[in-house]
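Chains here go by letter, A, B and C, matching the order in which they are written, and residues are numbered from 1 within each.
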Amino acid sequence: MSATTMLDSAAEFDVRDYLRAEMMPHFLCPGCGHGIALRALLWAVHELAIDKDRLAVVSGIGCAGRLSAYIDASTFHVTHGRPIAYATGLALARPDLHVIVITGDGDCLAIGGNHLIHACRRNLKLTCLMLNNEVYGMTGGQVSPTTSETRVTSTTPLGNSEPHFNACALAAAAGAGFVGREVTHHVPKLKELIKAGLAHPGFAFVEVMTDCTEIFGRKNEMGSSAEMVLRQKSELRPSAYRDTVDMPFAAKDLPTGILARNDRPEYGEAYRRAAVAIKSAADNPAAGRKSRQ
Amino acid sequence: MNAIETAPAASMQLISGNHACALGAIAAGCRFFAGYPITPSSEIAERLSRGLPEVDGVFVQMEDEIASIAAVIGASMGGVKAMTATSGPGFSLKQENLGYAAGAEIPCVIVNVMRGGPSTGMPTRPAQGDIMQARWGSHGDYPIIALAPASVREIYTETIRAFDLSETLRTPVVLLYDQVIAQLTETVELGDAGARGRAAAAERKWASGPRESYRPYAVDEDGIPAMSRPGAGYRVHTTGLNHAEDGFPTQNPEAVARNLGRLLAKFERHRDLIDSWQALACEDAEVVIVSIGISARAAIRAVAMCRARGVRAGLFRPVTLWPFPQAALREATAGARAVLVPELNAGQLSLEVQRILGDRPVDAIHRYNGEPITPAEIAERASSLIDTTGAGSAKAPGVRRAR
Amino acid sequence: MRDATDDAAVRAVDSATVRQPTNVLIVGVGGQGVIMISKALAWLAQSQGFEVKQSEVHGMAKRGGAVFSHVRFGPEVWSPTIPKGEVDILVALEWAEGLRWLPYLKPDTGIFICDTKRIVPPFACLNRHPGAPLRYSRETPAEVRAHVLEAYAIDATRMAEELGNDRAANVVLLGAVSTAMDFPVADWERAVTEFVPKKTIAVNLKAFGLGRGWIDDARRGTPAALEAEPVFATPRAPADTPYNVRLEITPGWCKSCDICVKLCPERCLQLNSERIVELAIPEACTGCRLCEWLCPDFAIRVHLDSVQDMVAAQAGARQ
């Protein structure tokens, strides 16, 4: 996108057109990066001209899970760890909807890890936006599957000694059709990444590195909200991202952008094609295998 | 034995209980199934993997039990009639999300083919150990409906009724039957039932009118809020948090009490629709046997055996297990001197029966070794209750346990 | 290109008769492959029996910074660098970098071969007012050709993209350069093969052929080559249209996190006595929208009102 068209889009996009005004202000802490990620998502929705009436947002439990309530769309705030599974049912039953999952690092990778890897494998058209703030914020700042080593949390008082997940490597290894990562600092870039994910025909996994300023930042003496945003530029976290499985992840400490992409068949389409075959076999039992009692 | 099967042989089919369940689901309008393999319910999934695409429905085998119920609720939130099937261990895993469906009032049907427990238990042996789990398995206070068919044909009709109740009342409905009936193959005639099922297939109450005046959980006359379908322009929020009439989370005590109060009371106004039972020879019975599923089938034979030896026995079989048809039970046992509850667990149905009958004596046969209770055992115990209590008023032996 | 019929290229590198070294200056931006084609050229020249000196400056800037490389070869070469006005062939992988080095070209005989690829450096965007003109060269290829005897503006990056690997643009240019020297084509290709990554040899050989063919076409004045010249998009410039920046702040949504205050490039925001954001120095605000984008609470909306809008709004208010 050229500089001028980006300016046009920015002038035209008013995030409030996509928010439920009666729910604002939202309940997130001051400086929480999730709000910035939500803006980027809604901007991407706007630029793709997705009809709000056709937009379904499914979210899990935790700070990220609460975001769905603020979006002017059909929104479903479901159980902890399960938004991808709910969204799978919704998207399969209603292929006419545009289904987006908003989840957090604990929701998606700990309690919901099984659903994530199988959704990647199945490759049903869904966009999964995982907001990674390295911590369980809502429950008081406990260590999460993505907390960097040595970080202090409510349950790692002497610093985390568990290695953390590289969510994008995990999703790519599980076969996700689209994998990308971005920080909140560069909103237009983040918007473009989410847009590419939304436009992808299969399962798209987008990890957004966001700042938990009130709890994680405070415990780890990372400064004010503004300092944490600036830190995204100077000190890419977490450094151990380099240690993972695949070469796209080896180059930099925290690679961003589109990290993996494939064009495996989309599950819903593949299923509907197979269903046609089953139907015609049923209508014409002589031609196919015995199918009806 | 075939008192339950009274249908004349018009177009007979020889099918299993699980097969009948799959056929009933499709007849009821089910167009989405998500499941995970588990004995002894897997045949339902197998049947629907072929049956659903034939009617433009969707079958998906999910990665686990939790994902299965989650996908079912997700599909139902999209406006499609949806079902999953499982057995005890899987039913336990589904409980949190079952509570979600109850709280957010999302229709769905969950089949639980009961097997031995606890834990992995005895996968290929019958049990009736999930009676209480079906009612109280999820946390917090919530209403739920559970149906307990006792024959292949009844599995078919009750599956249809499960969908109808689920859609009409916006609630999860549990279909509870045991391994014996699930894998029992019987000759049944489904033509009439199927036609009736289709003709009567209930539709959810859908939102209509302008978006501005729509309240997703409005308290209206029948206590059942109109649901909105994504894509219909209402753009509402659905949450497992306690919510107000507008669907958004609230901790306001009055708003929570109003919505939860409506939810907990919503079945009371619809008991005529929900309650279902079979009272066999209870009018003059001195001993009433209360039982479900395979144990009830044994009890039918036991009633005949008792009557043959001069003991006036009757059977009360709740077809709707939850909410329990308690008025009907009181009526059926009004003239009885003794009540006997044979069941394949260590005491679940008998607890509810005792609760309803208060101080009245309730005896029970409890078995949990994987073997069904035989008609002879029931008949013997029923007869002994009459013998021991003599001609006068029954004394209260309380619940006695076998083994 | 007007002199396409002249055999300037051969004249420039007539190494048999001139003892002066041939001077090739290759310039571009970090990451484009300036050094790689320099080394290929130096290696080739040496293999042809010449004395070669190659000196480069890189790493002053990281990826994205200016890079240049002097390649001199001939019967004897003394100085490692080329004096101003002595470059026989100036090869530029980036448009503005090419223009920057034009004074080094021999005024009468120098050949200029330049990719029209534009990589706008951050310092060309110092004015953050929306639509403000970039401080990037505005010269068009036609204007450059008017001043240089033999100049080729070649869209090498696009040609390489069409081959499926935009990183082969430097070898497209190397193909173009090859037309100006009478080394055998097979030797050029050997040089390419020697220096490009093993997996990309095939695509780079194709790129080399494309560049070489493009110059031949251009010399013959083939219209296709001329039409392929890219039109530089000139930003619509509201800089000419006066506008007013207006910040719409929703005080009830602001949570005083101070991200906007600390990250505003103009430092024109502050928290007021109630710790709600406000625009303290309106005249400094460029309307860059960073505050709007980074506000996690959606409390800021930036409006850019043109004068017409403002007049209309005032007229509306009066009515």
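FYI, a residue touches a chain if its C-beta (ideal position, glycine included) is under 8 Å from a C-beta of that chain, and two chains touch if they have at least 3 such contacts.
Being a predicted model, the structure only gives us computed values, none of them experimental.
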Chain nearest the global centroid, as defined over all protein CA atoms shown: A
Most remote chain, CA-based centroid, reference being chain C: B
Euclidean distance of C-alpha centroids - chain A vs chain C, Å: 36
Whole-Å gap between the CA centroids of chain A and chain B: 38
CA centroid of chain B to CA centroid of chain C, Å: 73
List of chain C residues in touch with chain A within their complex: 130-131, 233, 235-236, 252-253, 255-259, 261-263, 289, 292-299, 301, 304
Interface residues, chain A side, partner chain B - complex: 20, 22-23, 52-54, 56, 58, 68-69, 72-79, 82, 85-94, 96-97, 114-115, 117-118, 271, 274-275, 278-279, 282, 291-293
Footprint of chain A on chain B - complex, ascending: 13, 15, 19, 23, 31-32, 34, 50, 53-54, 56, 58, 60, 62-64, 66-68, 70-80, 82, 96-97, 100, 228, 230-241, 248-249
Residues of chain A defined as touching chain C within the complex: 2-4, 7, 10-11, 14-16, 19, 24-26, 28-36, 39, 184-185, 187-188, 213, 224-227, 229-230
